[in-house]
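After this come two complexes, each holding chain A, first together with chain B and then together with chain C.
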Partner chain A sequence: MAEVERDPFTGRETTGHEWNGIKELDTPIPRGVLMFLIVTHIWAIAWWFFVPAWPLGTTYTKGLLGVDQHTTVEARVVEGQRQRAAWTSRLETEPYEAILADQTLMRTVRDTGRQLFGDNCAACHGRDGKGRANYPDLTDDDWIWGGTPEMIEQTMRVGVNSPHPDSRVGQMPAFGRDEMLDRDQVRNVAAYVYSLSHPDYASAQTSARIDAGREVFATTCAACHGENARGSAELGAPNLTDAYWIYGGDLDTIIATVHGGRQGHMPTWDERLSKAEIRTLALYVYDFRNGAR
Partner chain B sequence: MAELTHRKLERSAIGFVIAIIAAASVGGIVEIAPLFTIDETVEKAPDMRLYTPLELAGRNIYVREGCYACHSQMIRTLRDEVERYGPYSLAVESQYDRPMLWGSKRTGPDLARIGGKYSDLWHVTHLNNPRAVVPESNMPTYSFLGRTPLRTDDLPKHLAAQRALGVPYTDAMIENAARDAYGQATPDTDYAAGVTERYGQATQVSAFDGVTTHVTEMDALVAYLQVLGRLTDAAYRDTAATELPPDPKN
Partner chain C sequence: MLANLTSSERQNALVIAVAVAIAGAAMAIAGRADVMGVHGVIVMLFGGVVAWLVMGSLYAPEPAEDRSASYYDDPIKVGIALAMVWAVFGMFMGVWVAAQLAWPSLAFDAAWSSFGRLRPMHTSGVIFGFGGNALIATSFHVVQRTSRARLAGQVSPWFVLLGFNLFCVLAVSGYLLGVTQSKEYAEAEWYADLWLVIVWVTYFILYIATIARRKEPHIYVANWYFMAFILVVAILHIVNNLALPVSWGHAKSYTIWPGVQDAMVQWWYGHNAVAFFLTAGFLGMLYYYLPVRAQRPIFSYRLSILSFWGITFFYMWAGSHHLHYTALPHWVQTLGMTFSVMLLVPSWASAGNALLTLNGAWHRVRDDATLRFMMAAAVFYGLSTFEGSFMAIRPVNSLSHYTDWTVGHVHAGALGWVALITFGSFYTLVPSLWKRERMYSAALVEWHFWLAIAGTLIYVFAMWNSGIIQGLMWRTYTEEGALAYSFVDSLVAMYPYYIARAFGGLLFLIGALVGCYNIWMTVRAAPVAAARGSDVPAHPAAVPGE
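Presenting the complex of A and B:
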């Protein structure tokens, strides 16, 4: 080692480095910092005993506090459920009429429902519930599978054409593609169906086609859509006489629907949402009609 | 004494480099290495299914298009994530994910449990033009996927590569990979029957993009999205939360 040089003012040793006459002092770490380091090291060693720390081959030291991310989050989720239990238990057990009559509870349903609808339903039915092509409007009075809260709950629970064992099944066959009707019959029946919601369509040129279509409808379509074409909520057959169409109500789209069939798909929410959440959403959707939003 | 050691170490370049590497690797040795021997790291899931060739092809497209840059596949152990997305992710759920796609960036939502949440048609519409179903979305359009035929002739090699990494594909699965990819997107054919025979009845056979005459990259990607979170029920079994979903079979 080189000889030790001391700084005359502070009495500290120097490192021996010099820049333009300024010498670097070899000052030890301040006592406060050193104490802090010692305390944190002791704390770290103590912490090894409190939380999971050391690997022991196929297992590890679990720690005295029993901390585990899985049980922690599960406890927090349960705690959240407990906080909500005041109204979720009412939603699970009380009949819909009672809930609808309770304005305080309905305010909670609207607040929570908006969140749940945005996370789960809005992707298809739109944030405002008005739907879009291929996805039904939930704000009107036209319901394919029934519009009471009970029916909405059931549709949400089992889905439509979903993998759920009790799924609602709605299959519009591909009458044209699968050759149950020939090309003319498809066009005739489409013209008849179009004329139901567009009375102006009937004219001298179209009446023959419409009359022929009426016969095809009676033998082929009426089984599901009903003789008056007003549909059936039990079979999920839409009403064909009104202005609302899921897939489009212009003549070309109706021809395409009769030709190629339609199989709408509503997922099952049984696995994904709790009973209270499904009932909240059923009420939220039912509530659309009251013009609440 | 300590001071002397340090002076000595600083004057030995190689020794100092080795000391730096040793110090920098402490984190990895302490936090990562033990996980390879601890039994609890990966949970047990006897019902774990394998990705079908079509789903694996979709996964490759997911990687190719960089979906992981905006979508994570990892529900963390936080209450708000569990309440929004469902049970937190378990390690076993990605035991056949090579490479894993957990991600850490959410420009879009987490996709770990997206499978079955929306219909096939919704996914196709959304990939063709995300704004058509989610007006505020800033996701790019992937409409070219529906116009691009899926390359299936190399699928046996993809499966073989996965097997080399430890995914238990059988010889029959590798041999039939191209046929199974076609079959999963064409219901009611003999090819489709082979898929459920080899990969289990729970496999979703569907005309994902609505066209059964040929298999496109859209079919593959939608098949992959629809299986996310559905390879095993382990996450639903292991969580103690009272929000446990009832078994739909009961």
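Presenting the complex of A and C:
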């Protein structure tokens, strides 16, 4: 048992305890520590008086300021809506031509649309709207379901192959897998489709295949894609004669598409975004082409 | 090491190991249709290997008669080694997940290596694997030396240490297989949780029983903290993990806590895991190894009392500050915030007590990297505990919540405080435990110190920057009242900071590897006859106390 000693460095006494050589000084708590302790406690107690703090059975102390996070956030939401109303009301009601003609309003559409697009659309279509493998490019002139602001709005509202009752339905059947076409027919029609966008593909070796494919196309594919294979925006059937492809325009991918079919999916944004937000995005997407040009 | 057990103790150890192996076999059979079966096999192998080791020397000669006159250091040595292994594993996982945030392709498009599975392997690896083993090892050391008594059990310390590591293995391997109950820092599923309860209660009883055998009239501060750590972690673990498994053969379980109460219980647990696992336990370390290394008395016994009771009382209330601006009622948030602020001075009192203890020993801090580790730890403890109280204030939290600022704050504590105090303690403890004059290389301790400091500072500054930028970007509105940035915009802005963070973590990992090498070489060196700063001998139990 150690005796109380005086530490030569600080001049303080020890407590007289010792554990494996460790001793303690009996230094009083510094005044500054006590002051700061009191200040933090006064601050805490003051908060208890001003805001909701202590439970009282089934209720709680409401606080002198009468604030509550629910009412605070509701007020903020209303305030935000009021601030935005100047342009959101116009976006909800005015026809697209009028909005497109108003450069000030279109600047708001571009600012707001960029953030909305980034948070809602960019995951599939890319931040620049250029899409990627299996997701359509929105910056080009090729539209499956139509590229006017009205058509884009409709596609956003109901989605494609979505649970929305009015959903756009675009089903490319699995002609090969479901045995509507045999192996040769699939290869032939793919060769024909490939030759539409690649005129130099036709040669002495391929012409028989392409001709056979043309016949298959006329009986099987033309119903949706049209006699001339230029597609139909009403049916959501893509144009097969141009350079734009969602799933890829090389011969192997076309064979895979004819064999296994395609059922792309675009969610419905009807419940998720407000009308003003959907129309902002429709214009923002429509406006991509101005940026591209 | 088994030679220090009597033959009846070895038999007990064998029975326990076989029982664990049988339990593992039962789990493997019941869970054969589920990932739980894999865990059953792991448990069975674990019990089997331990049983095989015990059987190897079951009939070895009896140990020397008066074991009670000596301290029981074997489990401590193994604990230190396990802590260092887990440190390297956990920190490597940390560097990997940090790199994934900068370069997502490092997930290699596989389920097992996705961020969501690797991140808990990092957190559990460093907190429980590294931190937990370090706490068990140092607490066994400190309680014996400051009580002048040998540990109250011979088999139970091994049960605690190995049992805890079995829990860690089940937790970490489970995440890899996709087993999780989705509670942060409590991801392990029900059977692992039940096992930890058994292990932890044994730990508590062992600790209390050793304290009860003490030959010192007073209980040293470090032991207050270790006891608070063990007791409160038991309570937190049991309450937060109350759950119903879907069947005895499935890993999946559902918590008994509904909705927002589940969130509240989870963060009451989560914040007190920081308080009692990562703070109280490591303060126990600080209060022993810092004065030993500095060769100075503790600055103020009275400050110790103020901070101990302040920390244990106020921390318990602070958890709800993790749920500001959520479905949690406003009044609960107010209590969490105000108690977090009242916690500040008691926390600072501990950091201040440590730094003021160094008065009269600052020349040692300059010359001795081991002591400097502990000094820096106290500084980072003070900084992060201030930051924590600050971030708990609701308006501040509205900026910091969900951002990298939180991640930076946690790592200021985890790297700067928890890891630095552990390394400082290990560099103090290893030479004395293995009876070496000093660490193998003082220069490598110095290297480790600067790697750790540089890594921590790079990490924390990167996360402060990225966190505040994120928070500001998320709340910036245009003149028209619409958000100015999309979430992806904020991610793009994070990119340079994510690279810096991964680099800081890499430096810290390299430091830990240097530490492993240094400890290994120290252990391999020849023991010296009389170790420096030798302990006061344990008091033989047969002799009545004075």
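Rule of thumb we're sticking to: the second predicted complex is superposed on the first by the 222 of 293 C-alpha atoms of A that agree within 3 Å, B and C clash if a C-alpha of one lies under 4 Å from a C-alpha of the other, contacts with A are read in each partner's own complex, and residues count from 1 in each chain.
Rule of thumb we're sticking to: a contact is a pair of C-beta atoms (placed from the backbone, for glycine too) under 8 Å apart; a residue touches a chain by one contact, two chains touch by 3 or more.
None of the values given here were measured: they were computed from a predicted structure.
Participant: In the superposed arrangement, which partner chain does A:Val77 touch: chain B (first), chain C (second), both, or neither?
Facilitator: First partner only.
Participant: In the superposed arrangement, does A:His265 touch chain B (first), chain C (second), both or neither?
Facilitator: A:His265: touches chain B, not chain C.
Participant: Going by the contact rule set out at the top, does A:Thr58 touch chain B (first), chain C (second), both, or neither?
Facilitator: first
Participant: A:Lys23 contacts which: chain B (first), chain C (second), both, neither?
Facilitator: A:Lys23 sits against chain C, while chain B stays out of touch.
Participant: Tell me the contact category for A:Ser89 with respect to chain B and chain C: first, second, both or neither.
Facilitator: After superposing on A, A:Ser89 lies clear of both chain B and chain C.
Participant: Any idea whether chain B or chain C touches more of chain A?
Facilitator: C
Participant: Identify the partner contact of A:His164: answer first if only chain B is touched, second if only chain C is, both if each is, neither if none is.
Facilitator: first
Participant: Looking at A:Asp119, would you say it contacts chain B, chain C, both, or neither? Reply first, second, both or neither.
Facilitator: In the superposition, A:Asp119 contacts both chain B and chain C.
Participant: Return first, second, both or neither, reflecting whether A:Gln69 touches chain B, chain C, both chains, or no partner chain.
Facilitator: Both: A:Gln69 reaches chain B and chain C.
Participant: For A:Ser207, is the partner it touches chain B (first), chain C (second), both, or none of the two (neither)?
Facilitator: After superposing on A, A:Ser207 lies clear of both chain B and chain C.
Participant: Determine where on chain A the residues touched by chain B overlap those touched by chain C, and list them.
Facilitator: Of chain A, residues 55, 60, 69-70, 80, 119, 122 contact chain B in one complex and chain C in the other.
Participant: Can you list the chain B residues touching chain A in their complex?
Facilitator: Where chain B meets chain A, its residues are 33-34, 37-40, 77-79, 82-84, 86, 88, 113, 116-122, 125-126, 132-134, 204, 236, 238-243, 245-246, 248-249.
Participant: Applying the document's contact rule, which stretches of chain A touch chain B when the two form their complex?
Facilitator: Touch residues, chain A against chain B: 55, 57-60, 69-74, 76-78, 80-81, 119-120, 122-124, 132, 134-135, 163-165, 265-268, 270-272, 274.
Participant: Okay, in this complex, where on chain C does chain A touch?
Facilitator: 145-146, 148, 216-218, 220-221, 288, 291-292, 296-304, 306, 325, 329-331, 333-335, 337-339, 341-342, 344-346, 348-349, 352, 359-360, 478, 480-489, 533, 535-536, 546
Participant: If we count contacts the way the header does, which residues on chain A are in touch with chain C in the complex?
Facilitator: 1, 7, 9-10, 14-15, 17, 19-29, 33, 36-37, 40-41, 43-45, 47-48, 51-55, 60-61, 67-70, 80, 83-84, 86-87, 108, 111-112, 114-119, 122, 127
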